[in-house]
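Each chain carries a letter (A, B, C, D and E) given by its place in the written order, and its residues are counted from 1.
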Amino acid sequence: MAEILQILILGLALGGVIALMGSGLSLVFGVMRIVNLAHPALIIGGAYITYLAFKAFDIDPIAMLPVAAVTMAAVGVVLYRLLFQREARSAKYSEMTVLLTFALAMMVEGLLGSLFTNTQRVTSPDYATAAFFIGDVFIPKGQLYAGLVSLAIIAALSLFLKYSRLGYAIRATTQNREAAELLGVNVQFISVLAFAIGIGLAGAAGSLVSFVFSFFPAKHWEWIAMLMSVVVLGGMGSILGTVVGALILSVVAAFVGTWIGATWSTLTFFLALFIILLVRPQGLFGEKPEMA
Amino acid sequence: MTKLLEVTNITAGYGDGPAIIDGAHLTVEPGKVHCIIGPNGAGKSTLLKAICGMLSIRKGDVVFKGERLNGLRPDQILRKGICFVPQERALFAKMTVRENLRMGGFILDDKKELERRIEGILERFPILRERADQHAGTMSGGQQQTLAMARTLIIKPDIVMLDEPSLGLAPKVVQEMFDIMKMMSAEGVTVLLVEQNALMGLKNADWGVVLDLGRTLFEGPAATVLADPRIQELYLGGKKAA
Amino acid sequence: MTVTLQDSSASAVIEARRTYNEKLSRKTDQTRATWFPLALLALLAALPLLQFVGNYNYVLHLVLFTASYVAMASSWNILGGFAGYVSLGHAVFFGVGGYFSGMLLARYGISTLITAPLAGLVAAAIGYGVGLVTLKVRGPSFIISSIALLMIARILFDNWHFIGGANGLTLPTNDLTVQWAKLPYYYAMLAIAAFTVWSAYKIKHSKFGLGLRALSKDEIKAESAGIDTRFYKVVAFALSAFFVGMAGAVWGEYLTYLRPNIFLLILVSANMVLMCILGGKGTIAGPVIGAILIVALNELFVATMGASEINILGTGLVMAIGLMFFPLGLVGTLARSGKLPRILNWD
Amino acid sequence: ETLKIGASLPITGGLSVSGEKHKRGYELCTKLINDAGGILGRQVELIVSDNRSDTATAINQYERFINVDKVDAVYGTFSSRLTFPVASILSKYNMVHAIPSGGALRIYEQGYKNLFYFQVNAAEYTGKDVAAVIKQLIPAGEAPKSAAVVSADDFFANAIEAGLLGQKVKDPATDKEIADLAPGYLSDAGIEVLMQEKWPEEGFNDWLNLANSIKRSGAEMVIGLTASAEEAVQLTRSLKTVGATPKLVYLSQGAQTEFVEGVGKEAADGVLIHTTWHKDVPFDSTLAGKPFSNADFVKAFTAEYNVEPDEDSAIPFAVCQGIEQAILGAGTTDNAKMGEWLHARTKDDPVRTVLGRFSWDEVGLPVEKSHIMTQWQNGDLTFVYPTGEFEGVSPFSYPKNGF
Amino acid sequence: MLEVKNLCKHFGGIKAVDGATFTVEKGAITALIGPNGAGKTTAFNCISRTAAPTSGEVWLDGERIDHLRPHKITAKGLSRTFQISRNLGDMTVIENVIVQSRVDGLRGLFRPAMSREEKDKAMSILDFLGITRIAHEDGHNLSYGQKKLMDLAALLMSDPKIILLDEPAGGVNPSLMEEIVGHIRALNDKGLTVLIVEHNMDLIMRLSHKVVVMAHGKVICAGTPDVVRKDPHVLDAYLGGVLEDEAA
């Protein structure tokens, strides 16, 4: 019993962080129709910002989170203006952006590589390797804090999108750019804003990731497929779906990893993806496609 | 005679393609209903898109209340007082009817006032109230058209430009639609519409414009347009009208 | 000519309408140059003669390498370019082909040059099966499912001890001298590439190809136009796996080494996609030009910058710039604006 | 005319941490040689290419060196997984293949004649020295009785594991048996394996779970066969988080400074790692015909790069020394002659490098060398084994006192 | 020829089509009319199977077709247009038209995409509809009316036995519509069966042999145009006295 509980806790703890990593991806897709393959690379960017502050001034990674988020959001503004603005009206937008972001991922990796070399880094605040022990069961502090912070950010973001006027404008712009424009929405501003929020989330995730995983510029390739699986399982563009997907998959992966073998725990993510495509192609919380 | 909107000799096209309209002109007088007719592909929709800023104008001027509109974005032009409902309806398919109406009043800052006006719209169009929580994309063609039209009533613009408002509407509703338009113009909202249902359109309009070959071929009081035998033959399905 | 209704008859307007239409109507470009790819092929077939006057192994290697990507990118084009399903998992078929023929070579000594078509069929069969599942979704979901396919294949291959697991295995080398050792693979790969390009051309200009293009835009419309979309898609998937499998088979023996992380690499898939898009998705010449460009670019980076992160940065930058300024690919964008050099129109 | 030497290294990608350090080793050695007047009077030009940790690219680049750059010699690349395929192409061209990293037995059992491994022995035999530490340095009765063996699914890690567990090594292509390592070094040392687990080479994140399983197995010794320093850090941090309390921890990677930096001093304390090189070992060697001690190397490296070297730089440095001596010895850059000269080395007339003396058997594995077993103590990597051979051996610390 | 029995299509609580039953006689032009949201388009979708009916049966030529995939139904000779035109971008108009022509068997798949005859036929159809100038234009870059016309052209390409037209006149210039009406009538004379949804009453009354009226998903009345136009229910629910106006 204690063993099951323990595995469950570990799965959930990891799931919380993965949820935040995935939610930025999901948001950017949901509101911008951009499949941002560079998202993990930008997360690593955020992690480096946090790492530098930790190394130089001993600033706590969680305290660095707002700074990383804002910095990366600013980067997002620049990236949007440079790369995506001119594509926004094209019919093949969504598909084009997959490739553009692939290119972006390479650029980010190359840039980070030249700045920070390819040595692996990790921040180590005290809580990163500590745990609460409750009898036989322990809860890793680092993961716990990261998970809680993640969920708080995601909740705030969801409320913003659902109820604020800007949130409305963001959703409307996604669905029909021209219509939104005709109703008085400054779609360019809204697009930049949404993209910046998405990349800001990458920055925030980076801060948390910096003490949960170790990282180096080329690491992002390992995360992409995993995060994508989570997003598809939850339903492309649904943030709630991403959170649920991340938690479910992480828990299942934890059980598979413990009982069947660590090699197979990553397989869980991809297998789940295939199963969901078979039985419910739109994902857990996605919208139904047109033809039955 | 005061002019609210004046379009002089404009040229416009898509991207870097050929000029679709070349030498179109148009005069809009306050408080009247104007109807543009013309064959398919003549450039009617293109003209409206150019006026509202969705296409860039290559030559010529659009002057509204003495101010040049060339080069402004659609959202800026809307705030100046020109509202446009395109032929493709421009609804938010995955938002509910109510949310669509709310977006219609996006430029209103007063939330309470907005809700009140939405209530008024729902009052006037029972079908919309019935479907208030249905996604707009799943409504029937005519229902969508009704919604698109109703949405313009939320903000009270100086000019509404409607691209084929009667498209897909049942005869009974078409009549209602034109009644609403008349009422709007009575309230001081100027109406500029494009119609393929040309007879109906001209009958309910004050002023008629024939657009063909990317140019304005004729402009005059609606009754004159209706009576012209050449126009009847070319654009109104001749034989029957004669 | 100005016509106003005030002073002309209806027939004059109809006459004017005709001239107006004439002015706006768009002409088709019908200047295809099939002689050019044929000449290129002949030239490359003669290239190994250079070996008589020196050691040009590296040149041969580059051509062979490019040819393998020409085959793969053109093959990818059938699914990604014609049918509009962007797959980032095509490396799987590269791996399947490589391992299938490679194991036959290792165990029974049959050269992959003979078994390559068989490897293609195996890849196609797997493509068909996978397609039945993943082609249910389109757009980004499909792309991601294809990445997942690659990951699954990778994990399975990594743990399949019969084929050497993650460590891979070596294949016997042929007995030719260094000077001539590459030739069999050189000609095989050249043939595969030519065959693939020719097939892609044939497919594009068939009813099948037209159907694929239709369903790539709107499947419901395509269905109601009488196209069995499910069947078309799956067949397209199988076809586009076939040629990749063949290329993989020959590549394995050429490298003399099989290892999951040579074949089942997202970068291999990404290269196919990139080449296709950069050259011009859905065109015939596009993937060929894309493959040549990317390989050349890569060589350039290695030659001028050697080893550095700048290398990756540069590749990403070129890719982004290419996409931004040639959104339809070189061939596609030039064709649209009417500036395509004649020799590059193979459609 | 310069003397060109090419090396393809994983400067980017998954193996980049070590790749970058290898580059430094090659570069420093080249610089020192050139400062001393070059080889055979010719300045050496080092060409390093980034293979992005990708096998096909690595093969490519060596072909490019030989055919286009027309190099006189090559240096090997990093990691078994890249070395394996590169070996085949270099053999085809009859180039001397000096291997800095590529310890798996299978590389040497393919019949190539041009291989020279610049580490201690094939990875399969690493466990011998681990077992020796347990048997010789721990008082009888206190030695760990059980172990948890976790390993990366990597060429190198699998090879060490095969030796520890006494598995058969086979060539999967032909199913031919290469070596039978039964019963294995662990059972030799009287240790029972309670848990065995592998994680995939790429994309593994679930370290806490793995650490939790290790803890729950109750094993007294943890054997972590990590493929990179990164994995060593992750594993150690996780063991700390879950509160594992093994008596002994042995890792196959982690001699790098990044390791302590990543896990902290206390957690690193007592962790046992095998290496080929240690900064304090008094190896003497020659460079440019003059004596050049290991301490000289550390000094020169620190002066050049402002950090102390670790084995990932020392090994390639030794490779470079080996090639230099081969060219000098053969008096030419004819690789066939260089190979003959290298094969003719003996225990008394060896190649002398900062890794000590080298001579090779016919497949290319060094003869009679043993690993240096190191242990983190108080933030320093000290060496604790072999005890009789050199000065400066620190006492072995045991048991490990938590993390 | 076409028989719809008790057809139902529900979306959650909304009963778009709710037990509609009607028949289309061979060789006749039948009109389907009704207020907005009556379920006409949905009924079309169920017949051509682009949407799955909740319940009910559809029979074509004595064969039940409501479980077939859309392309099978098209192959049986039933073609339709969409109310909101669905056209294929990145394909020229002529390709859009030719894609609709029949492909027979596996071998047919690999025949050339556009044979000479097909091209000539397509061009003559485009010519008739007055849209030859856009023959090589991208299917996306059309005006609303042009899209409708292109759809119609595509439909005529496939030589169907029965066509379902969803508001073919919507957005089409009346003068051109006159000619199209003439053409449809000519085809009908040659044996083509037509089912048409339209709100243009004038056109319906002149063209159709039989009118079926739907409201709230049910058929409320069916008969000859003259019978229908006098039916009080129809007047009330749909026409709203428009015809009287015009008669006056």
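Observations, loosely collected:
Note that a contact is a pair of C-beta atoms (placed from the backbone, for glycine too) under 8 Å apart; a residue touches a chain by one contact, two chains touch by 3 or more.
Everything numeric here is computed off the predicted structure, so don't read it as measured data.
Counting steps between touching chains, the shortest path from subunit B to subunit E takes 1. When the partners of subunit A are compared with those of subunit D, the chains appearing in both lists are C.
A centroid comparison over C-alpha atoms places B as the chain most distant from subunit C.
Set against the C-alpha centre of subunit E, every other chain centre is closer than that of D. Per-chain CA centroids place subunit D at a distance of 75 Å from subunit E. Chain centres here are Cα averages; for subunit A and subunit B they lie 43 Å apart.
One finds 47 Å separating the Cα centroids of subunit A and subunit E. Of all residues in subunit D, those that touch two or more other chains are 11-12, 153, 200, 202-203.
Multi-chain contact residues of subunit E, defined as those touching 2 or more other chains: 50, 89, 134. Among the residues of subunit B, those in touch with two or more other chains are 39, 233-234. Of all residues in subunit A, only 165, 168-169, 171-172, 175-176, 178-187, 287 touch subunit B in the complex they form. Remark: subunit C residues 55-59, 61, 65, 103, 106-107, 151, 154-155, 158-159, 161-171, 173, 178, 181, 255-257, 259, 261-262, 265, 267, 302, 306-309, 311-312 touch subunit D in the complex. For subunit C in complex with subunit B, the residues that touch the partner chain are 3-6, 9-10, 13-14, 16-17, 20, 23-24, 337. In the complex of the two chains, the subunit B residues touching subunit E come out as 14, 17, 38-41, 44-46, 87-88, 127, 134, 138-143, 145-146, 164, 167-176, 196-199, 233-240.
Against subunit A, the residues of subunit B that register as touching in their complex are 52, 54, 73-75, 78-79, 83-86, 90-95, 99, 102-104, 106-107, 151.
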